[in-house]
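Okay, got some structures for you below.
Both complexes below contain subunit A, partnered by subunit B and then by subunit C.
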Partner chain A sequence: MLTHYKSLGRWPIFVILCLAAFVIALISICLGSEPLAPATVFQCIAGSDSVDPILQQIVVDFRLPRVLTALIAGAALATAGLLMQTIFRNPLADPFVLGVNSGASLGVAIALLVLTPAGISLTTNLNFSGQTLIVLSATAGAAATLFIVLSLFQRVDIMSLLIIGLMISYAVSSLVSILIFFSMAERLQSFLNWSFGDFGSVGWLHLPVFGPAIIIGLVATLFLMKPLDALLLGQEYAESIGTRTKPARFFGLLAASLLAGTVTGFCGPIGFLGIAAPHLARFLFNTSTHRILIPATLLIGGILALTADLFARAPGLDFSLPLNAITALIGAPVIILALIRQRSMKHLFG
Partner chain B sequence: MYLRILLTICLAALAEPTTSFAGKEWPTFQYAKNIQVDHFPTHRLFSIENTYRHSKERYQFALIPKKNRGTLPDLPEGTLVIYTPVDRVVAMTTTFIGFIDALDQQHRIIGVTEPQYINDPKIHQSLEAGRIQKVQAGATLDIERMLLLEPDLILATTVGAGSFQVQPRLARAGLPVVLSAEYMEESPLARAEWIKFIAAFFEADEKAEIVFHQIANRYQKLQAKTKEIQNRPTVFSGAPYAGAWYVPGGRSYIAQFIHDAGGDYLWKSDHTTGAIPLDFERVFRKAATADFWIDPSSYKNQQQLVKADQRFRKFHAFKTNRIFNNTRQMHPQGGNNIWERGIVHPEEVLADLMQIFHPELIPDHELIYYEPIK
Partner chain C sequence: MIPPTPDQSLFSNQLSVGYKQRGKLRTVLKDLELTLKPGQFVCLLGSNGIGKSTLLRTLAGIQEPISGELNLGKSLLKDIPPRERAQYLSIVFADSLPIGRMTVQDFVALGRHPFSGLLGGLNKEDTTKIEWAIQSVDALELTQRQVSELSDGERQKVTIARALAQEAKLMLLDEPTAYLDLTNRVECMQLLRSLCRKESIGMLLSTHDLDLALRFADQLWLISPQGELVQGYPEELAFKGTLQDIFESEKLDWDHHLGTFRSIKTTTRLATLHGEGPERIWTQRALQRLGYEITSDQRQSQFRIEIGKIENDSFWHLAQGSDQQSFKSIEALISALEHLDQSE
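== the complex of A and B ==
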């Protein structure tokens, strides 16, 4: 199965993935409210005087940050998913198993469904509005949930932590349901919009915060390569070869949560990428070595996010679609196909 | 034999709709499309359609004067009987409060929902004094409290689905719930004309006729000033929220207002009555050079706009300080009078927009609902 990849080495696949990411990013910048030729796009970025200033603003202020955000967010969610799947040795784990997602939802629900209707003056006085308010409340919610789950890390084993994470998710989600139940339809619409996910709300103003937070998470992951490989072999074996499993897991969870929490804060809860990308990486490279899997997952995550965003914007049509629906619609068939071709994933999870 | 024939003719005449009710011929509807009325000697039969988008149902309400209470006329199946004038009214959405207020019947309101969306200070006072009860919070409907209030009339609207659909639940409990389709009307005057429907329950028809006649007159006079106008400034509306910019469709209520006020609405060729979700880039492509930006969500000043998204700065309307929001009469808790008085008085909203687009046409007008965003 897939032995021909090995004979060629893995570099060609990496090169193809990098090319694919570049091509899709370029297509993404060219398409939108008005299709542009790649040459025009480069002129816009270079700041040439010969292009329409509005087109230039569209490329520089709308499409470029959007494509960058999609690439970064996709890479972050995919890496977070890989970390979670390895740490829990569970192919179903995603970046949100510890409740980061529902914590962020609660934060945003409190901001949009409780604070805003209770007194607009609150947000006006603090001068947080729109996107900044959402980012702050989502991040605060995610951090609070994570703090609760990780504070239990020392007390329980890793499987119990997974279940605790799920339980806290359920509990927090039901708090969100209660808030929804007591809200008016108009307010719900804005909350729903947030929950659909979006890469277009992150502008140049937010990127200097968004980018570095993700890069810290990604770099931390690179340091965890070896212990992650050992974790796949089981706790006893990992410890017998000198891996300190507790700190490895703790920092792995911390990195994954930082990645997932940041993306959720800025772009909303984007499902599916985090679970799909690691599986695709394992399928394409047929390995469980993290030295290969981490860069592969990162690239595939970026490509998937860009593709989903491209479809969600529906270039040429007169409307846009919710991003979250598209990530699952294009991701699910791909992953099912990969799993069928792979027949068994047992050997990839030790 | 002749007597029997005569009797049959008389009975047939009784059953046929006539245009008179107790000697008066109102209401008749000139602008509103979702409502129809049949006049009978003993009662009036209102038929409401299009209560929400793609709705197929038709609701019928028979308004019978209390003095005729004993004799129930022959009514179509499913007709709800309301005895008029009504005394105890529950208003399930804020728009009804504007209509009831314009008819001087506010003292008959005994229940409201979601006080935070109500603008009217008198309603807030009555709520505090306990003269008005709060009957709903979000999707929770307090049917028991509603039954205890013993309302003669519950005025409601529906979106057609989900937990917000209160009408079937109230109707099952035997409560007199009447649905309105006023918010589905496409033109501002059609919406305002529903005052005649609300008035029928209070038997305040004469008042409604007078009020609406004045409103329609003034509206048409203002509209006539912009009919022939050549230089129509381009206008767009709304603001993005969490990624989606809901742009009002070309057949929407606000699109009609912009046109009547002498503006050129950028999405006028669109055929939807609701709002279309667009991404920011698409709106920017079309609206970057537009002259006016109205109703940017709940933003109160330019600083807030820039804090929310720096790209707002790039709109021509932003650079030239031509952003106006309908937030002048916003209650500290969030209720906006443009959705109460403004629904009944579209001529005031029109005057505001004309003053914004063409100040030379209406020099003495002072803005009522709108304010510039600085």
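== the complex of A and C ==
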């Protein structure tokens, strides 16, 4: 008798992951320049009158959106990474293989280093108009690069597309380098700040755009679950079981780009989460079936992003660290450990 | 024979297959008139690079024909939407394995894609079919194993199970036995043959194993070195000499008595052999390996071998002129003959 997909055996891991996400989110809200007790946090969120309005503002206007952004962005990047790895059948693919992040960088570099609009002081806290400018220019840059890569989709095979994406990435990155070379130091600092990545830049004002864009990408991914499983077999086999591989891949790339592009636009280029989370999910759940892998990757991505953000903010210290550095510092050892325990990539992916 | 069901046969009309190489069309096989019916077991034979895979890929609809028509039932193959086509035609090709972690059950479940809904949820019928497919290839004990951890033989079985789960009446297999050892090869062919009969599935499989093909196939499709495809009943092709014409070369010689090819030694010597049963067949093969032909003409032969039996033990009696020797095994006989060769 067939056991029913061992689904029961997987529920405990899902429950533990959900709990972990909740606990880390709570810790993240509690810790900061002003440490708070969990009870106070709940009171603030519930809108109780007995709490200090300043504390309430800190929790509701700063820490809560930050945590939500980290969760959503982590989930989005991880899912985008999973899509790319499956579509390219390559364990090293990440959300940015098609050049989304370098395109966004170029957009921001042009906005900050070339246009240098007057009246926006970017070295200090970004005000609303500056932030919006960055989001718009990053999104435009990402979309432009993506348009170029995807317009070649019909003409080349999928592996060539991967290489073309990488090449365009390199080319665009060198344009950014040239812009940096000719820029003033103070402008440069604001560009660098953006390129470090930050979940704190999305406030309640931006969440109504940020959230739905990500949700569209995630829902699209869920609807691609079945063709993604088929694509694990390679193109010919996928077609032999009735999959229309061209549209499946195209919409998969589009969904991944929407997810990665939105996150990059709002939070800056955040590396490593997208490549690490799907591998961790495969390791924990011992499967490549997307019905399980998609929710698992999403959760793990959220948790990784929350953890990285918590460390990057370095609560209790006077400074904060570049988020990008922390994601790699947390992510890399985790992947290495997973690989050592599995002994070879073959068992994780190949 | 199972009567043909016209809506489920694959047949071609003036079909030419080939591929594009640097913008140029290269035709490999042309003017093919082929039919594959449910319940038929066809083996496709031909040397490497002659176009077996190109033909299979074209018949599977992976590759466009260069010219001519290819029909599945009443419609042109290329006009049938992929999902529907998958319900009629399944493939077992090389490097067909999923990347990543996947249990045999999940792998075989992929074969239900042509039937499941948008999100790929499986209903009761699907799970029943998956279990049936795994059971049909006798792999129930592998159900929860990871595909990446299976042996070559086990992997081939579950790949066939995945194709079976599609419930297609036609199955195309590209060298399914290529990486298997002899035992697994024979078992695999037996399995395919019995599935072909029991489930009335039309199977077309390419192979290099002429021996097995002759033993199992209802029909052979042979591709000659000149690129012509010859179809026929295996035994007929053998005794009419078609097999000989196509596969014989300077190094291989067709043996009409044994129904196999054997390697040619440059010098042929003659011997007479008396005896019966399996001992005779295998003694003859050993002698042929050494370069001896069997003759019935006493005067031409260099020596005479007689196989005898005392109770259950066979013995071999070798007579050369007045010298006479007896041996208890073929090996002893052959090494004595080799010794004679060297002393000459």
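One rule holds for everything that comes next: the second predicted complex is superposed on the first by the 325 of 350 C-alpha atoms of A that agree within 3 Å, B and C clash if a C-alpha of one lies under 4 Å from a C-alpha of the other, contacts with A are read in each partner's own complex, and residues count from 1 in each chain.
Simple rule for what comes next: contacts are C-beta pairs under 8 Å (C-beta built on N, C-alpha and C of every residue); 3 or more make two chains touch, one makes a residue touch a chain.
Source: prediction; values computed, not measured.
A.B. asks: According to the contact criterion defined above, which of subunit B and subunit C contacts more residues of subunit A?
C.D. replies: In the superposed model, B touches more residues of subunit A.
A.B. asks: Scan A:T139 for contacts with subunit B and subunit C and give back first, second, both or neither.
C.D. replies: neither
A.B. asks: Which partner chains sit in contact with A:F223 here, subunit B, subunit C, both or neither? Use first/second/both/neither.
C.D. replies: second
A.B. asks: Applying the document's definition of touch, where does A:W204 land relative to subunit B and subunit C: first, second, both, or neither?
C.D. replies: Only subunit B is touched by A:W204; subunit C is not.
A.B. asks: Between subunit B and subunit C, whom does A:G32 touch in the aligned arrangement: first, second, both, or neither?
C.D. replies: first
A.B. asks: Just subunit B (first), just subunit C (second), both, or neither: which does A:N324 touch?
C.D. replies: Touch status of A:N324: no partner.
A.B. asks: Check the residue A:F181 against both partner chains and state whether it touches subunit B (first), subunit C (second), both, or neither.
C.D. replies: So A:F181 only meets subunit B here.
A.B. asks: Contact-wise, after the overlay, does A:Y237 reach subunit B, subunit C, both or neither (first, second, both, neither)?
C.D. replies: A:Y237: touches subunit C, not subunit B.
A.B. asks: Touching A:S288, do we find subunit B (first), subunit C (second), both, or neither?
C.D. replies: Once the two structures are laid over each other on A, A:S288 reaches subunit C alone.
A.B. asks: Once bound in the complex, which stretches of subunit A touch subunit B?
C.D. replies: Where subunit A meets subunit B, its residues are 32-34, 54, 57-58, 61-63, 66, 117-121, 124, 127-132, 134, 180-185, 189-190, 193-194, 196-198, 200-201, 203-205, 268, 313, 318-320, 323.
A.B. asks: Which part of subunit B faces subunit A closely enough to touch in the complex?
C.D. replies: Contact set of subunit B toward subunit A: 114, 116-117, 137-140, 159, 163-164, 239-244, 276-282, 284-286, 288-289, 298-300, 303-304, 307-311, 314, 332-334.
A.B. asks: Please give the residue numbers of subunit C that touch subunit A in the complex, ascending.
C.D. replies: 57, 60-62, 82-87, 89-91, 93, 95-103, 105-106, 110-111, 113-114, 116, 118-120, 127, 130-131, 143-144, 146, 148, 166
A.B. asks: Can you tell me which positions in subunit A touch subunit C when the two form their complex?
C.D. replies: Touching subunit C: residues 1-3, 5-6, 89, 222-223, 225-226, 229-230, 232-234, 236-237, 239-244, 282, 286-289, 291, 346-350 of subunit A.
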